[in-house]
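See the structures that follow.
The following pair of complexes shares a single chain, chain A, combined with chain B in the former and chain C in the latter.
After this line comes the complex of A and B, so read on.
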């Protein structure tokens, strides 16, 4: 569990959005992902969690910083061979199962696309056999291979997306909001499937979502992002028992619980205002405009992301290094 | 079928059937829905996509798409049968006595009109007011929904506002004429959790201020627990269970409701795997003959596949459409002894 699979070092991804305006989508983020774990990444829309996932997947070139996979740098320019190797090990599951599948391709071709590109030189029947095996693994049937995406429901399409990601035996999967487009009863099915596959193939997940209760269910550790920065990172149990960052506290108390009696008794930390624009953020703590505890120090200096107790990282001036 | 009080209800829907004509099929979107709404009620209609929850309220509001029509049933609002109201007659009601909030605040506002004008538009349609009084009322409404510095916002356009702010404006428009019923179709689904909490708090405080009844459509049971006092669970175009919020959450009867509650992860509980409902919702072009949930139900009996279940009254307010709750089923279980 303690073996580091992926290390993200001071990763930054800025977008130029006009004259002298920079959108800092990911701003100096560092963390590690251990082998075999699920790291959940939560935050409100626009906080940069998807950009982070995509930058790790090499879909964006980082502005600066590094991504290390098994100790080897995989960000920036790679040779063709290295790139192919990298793609084989990391795969992605996308949010919208309606848009991430080519409507003109048959399921068999969608799932086998990875196999083809890794030119594992399969005969036609071997290829189909492989696909059927993958489909059965994700809970679809043999008959489905010749069908087109529009013949499937949302949950089934997401299963096809998962089968496609698994086709080339990856070690690491980035799941970018894989369940938010699905209905509640289908969400649970897909999450359970992801968990089962993780046990079977000892996969490592980066699970990006905004539904914190579902993230808690699947993740070993959770990272909370706000305006491009990680503000807290700890085990999912600690995150719910002892959240330290004021933003995490507010986020947790904002989730409505499916329990009317508890809901009536609950006291909320209601955040005033909305997330400020990520373009040209002023100095200091990014959360200070909405924070109840904000002091002058918070407005002047940016807090470091540091470990306050073992495995519990926070970026807040209230928790100083001992 | 459901009696929620002896008096005449504010809004009563009786045995509503809505069909949608598609290219070559007929989708039976709503199949015999009945409910009633009393003053100051917050009724949550819960269900998955395609369960007919949106179509039900669109039928009530006469906002059905061109392909849709009410095939049978009655909608009675405030003692008037509005089932066959013309568009013109409905326009007198919509906005003034029944208002609606839509899911996406980005698309339900006019991008070419200032916020203030959009609020005044409703007032101009329904109230006899001077221009000055209208402006004042619009400012008052903006303040009421928690928008700071209304004078500044009054002349701004929707794109200058954040999602949460826009939803507040939509609420202000909906409440401009103090409607008796506010229909909110997934009002917080497009918003972030922290903003969702703000909007829910706002809706609750406004309801107590101006005594509006709310029909809330949602798929989020957390939101239901937070705001509703009555719940109707829809599945396959029918209400499968309805009751007070406590009855639905703590004395759940219908297997679908049970499955729905079990499939949400509990924050303060770590019990192994999540329960799931296998399978997918029914196709309403050719709905199942018996209970719509029977193909996915782990407790389905022979009768469930053959005959649609009747409603069983569990208490005055609580009823469930499941053969398991039928008096004969209880009797049979009693005779056969304990099987479980």
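After this line comes the complex of A and C, so read on.
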């Protein structure tokens, strides 16, 4: 395997939500992201995907644990210089294309924001030239620089957001549900653009989404999250061929098939009950209250997140280390 | 109608390339232009705006048209009704009322605009720092505001007037001491709403400093609230000044403000009602027009109503 770009070690992010109550949004998550790959992160609403992404991006201070970028700790307190360096290498694409662009700014200022704050002394014309180059890269035109965000469609706005993130040549991009607010026909456009840019600039992505088939299309590896923890992590092919965790199996069985005949025969694993509140997580395995294989062991001890075969990690008592 | 068979050769791929597809044909308009266009559609606001502009022009230029000034007394011509010589008549010392009314309007507007600008400056700075830093700083800053609100405004003003010499400066300071509180609260609420929005997070990730975030993102997006609140602060400052002058702790003769004029007109209401009537009409026009314009601006710049 190629070298590790980003390593997350036992990362926890708890929020205080009242007296003696903590919401465990991200609870002891560890994984690695390799250089040049796309790691997809899926899970249902409220399972902590976005919190994880934002904690990696230093928007939240982690409760404990570490984030290492190229072997250097970037979580916790950094000097101004280190912080700037960090900003230059990691960027984020946001979920809602309507909220992620300042409605009062012109496109040229939105895209150039990174250039401005990185102290690169550019003349007006150089700055605009750079912006036009970025806009053309994401399929927009020179004429768009003087426009305001409200004049664009959702897909176009999302591409402006991508251009903004690319302005300072990052190596690593967290894409926080970049397509979930878009129309299906536009989703493919944006995902293909992300793929193209990845080849061109050898980017590394952490791609957060809840549409598992879209994630399969773009990702090399997929991680599945449930209630703040990773339950399974493996290559996207293995994930679809041989899902191990009961939760992953249920998720995969919910994907509709394009072939109507196959779709008719598709059998769904329907999960009982609802997700427990992340404020009040059951003992033992987090999934035990909804798992049809749950045993006493599951209700008592929390399973470790371990590697059952080469590159296939799972947190379930049914799979012991070989 | 003839039923035509649809065959494949009737269809050709569209020639529109990428350029065509991404084109926006509408002319570009900023939020300000949008608001201006909507304001122009609101008849009441336009009328209010025109009346205000006329009043401001008269306040600045009115005394020029008259050969008299606001302080020269003429005991041979006291209490003259409006006539060709003295358009608004004269008062008990024979001073020209036309000159005094517009001079008074000028002073009243000056006090109001300066007081509103101070409110704006202090309120916006205080509110944005308080909301952006958050946590303990925010809590302390909010308690300070609550204490200021707890003290009745009039008491602060009257105490200050007793300590400091009566005059325009004292009036402005007295009104500004607690006047900015409202603005600070509004701005804080607005920025609390904005600061976790994704475009602010994106700015932070791009390494934009707090100062730049306030100046480039937060304040422009709060501009609507700020402008509208200012539009309501100005008439209330005019009113406070008039009230203080009316009860006798504001400006002193021979200086004139609308409040001073109304006060001296009030004393002779039975015999010379025009001395009360004219400044009263001016102050009413100012108050009503500012309120209508403020309402119109609020509607015009409401981002939820963007077309």
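Just so we're on the same page, the second predicted complex is superposed on the first by the 321 of 322 C-alpha atoms of A that agree within 3 Å, B and C clash if a C-alpha of one lies under 4 Å from a C-alpha of the other, contacts with A are read in each partner's own complex, and residues count from 1 in each chain.
Rule of thumb we're sticking to: contacts are C-beta pairs under 8 Å (C-beta built on N, C-alpha and C of every residue); 3 or more make two chains touch, one makes a residue touch a chain.
Note that this is a predicted model, so its numbers are computed, not measured.
In the superposed model, A:100 lies in contact with chain C only, and not with chain B. Once the two complexes are overlaid on the shared chain, A:35 sits clear of chain B and of chain C alike. In the superposition on chain A, contact of A:258 is made with chain B only, not with chain C. By the document's definition of touching, neither partner reaches A:9: not chain B, not chain C.
Contact with chain C, but none with chain B, is seen for A:114 once the two complexes are overlaid on the shared chain. After overlaying the two complexes on the shared chain, residue contacts for A:318 are found with neither chain B nor chain C.
Judged by the document's definition of touching, chain A residues 156 lie at the interface with chain B and also at the interface with chain C.
Residue ranges on chain C touching chain A, taken from their complex, read 18-19, 22-24, 26, 28-31, 197-199, 201-209, 212, 216-217, 220-221, 223, 303, 306. Interface of chain B with chain A (complex): residues 48-49, 162-165, 192-198, 200-201, 219-226, 245-246, 249-250, 259-261, 263-268, 270, 273-278, 280-281.
Considering their complex, residues 44-45, 153, 155-156, 183-189, 191-192, 195, 210, 212-214, 216-217, 237, 240, 250-263, 268, 270-271, 274-275 of chain A touch chain B.
Put simply, chain A touches chain C in their complex at residues 54, 57, 59, 83-84, 87-88, 90-92, 94-96, 99-105, 109, 113-114, 116-118, 139-141, 143-144, 146-148, 150-152, 156, 161, 164-165, 167-168.
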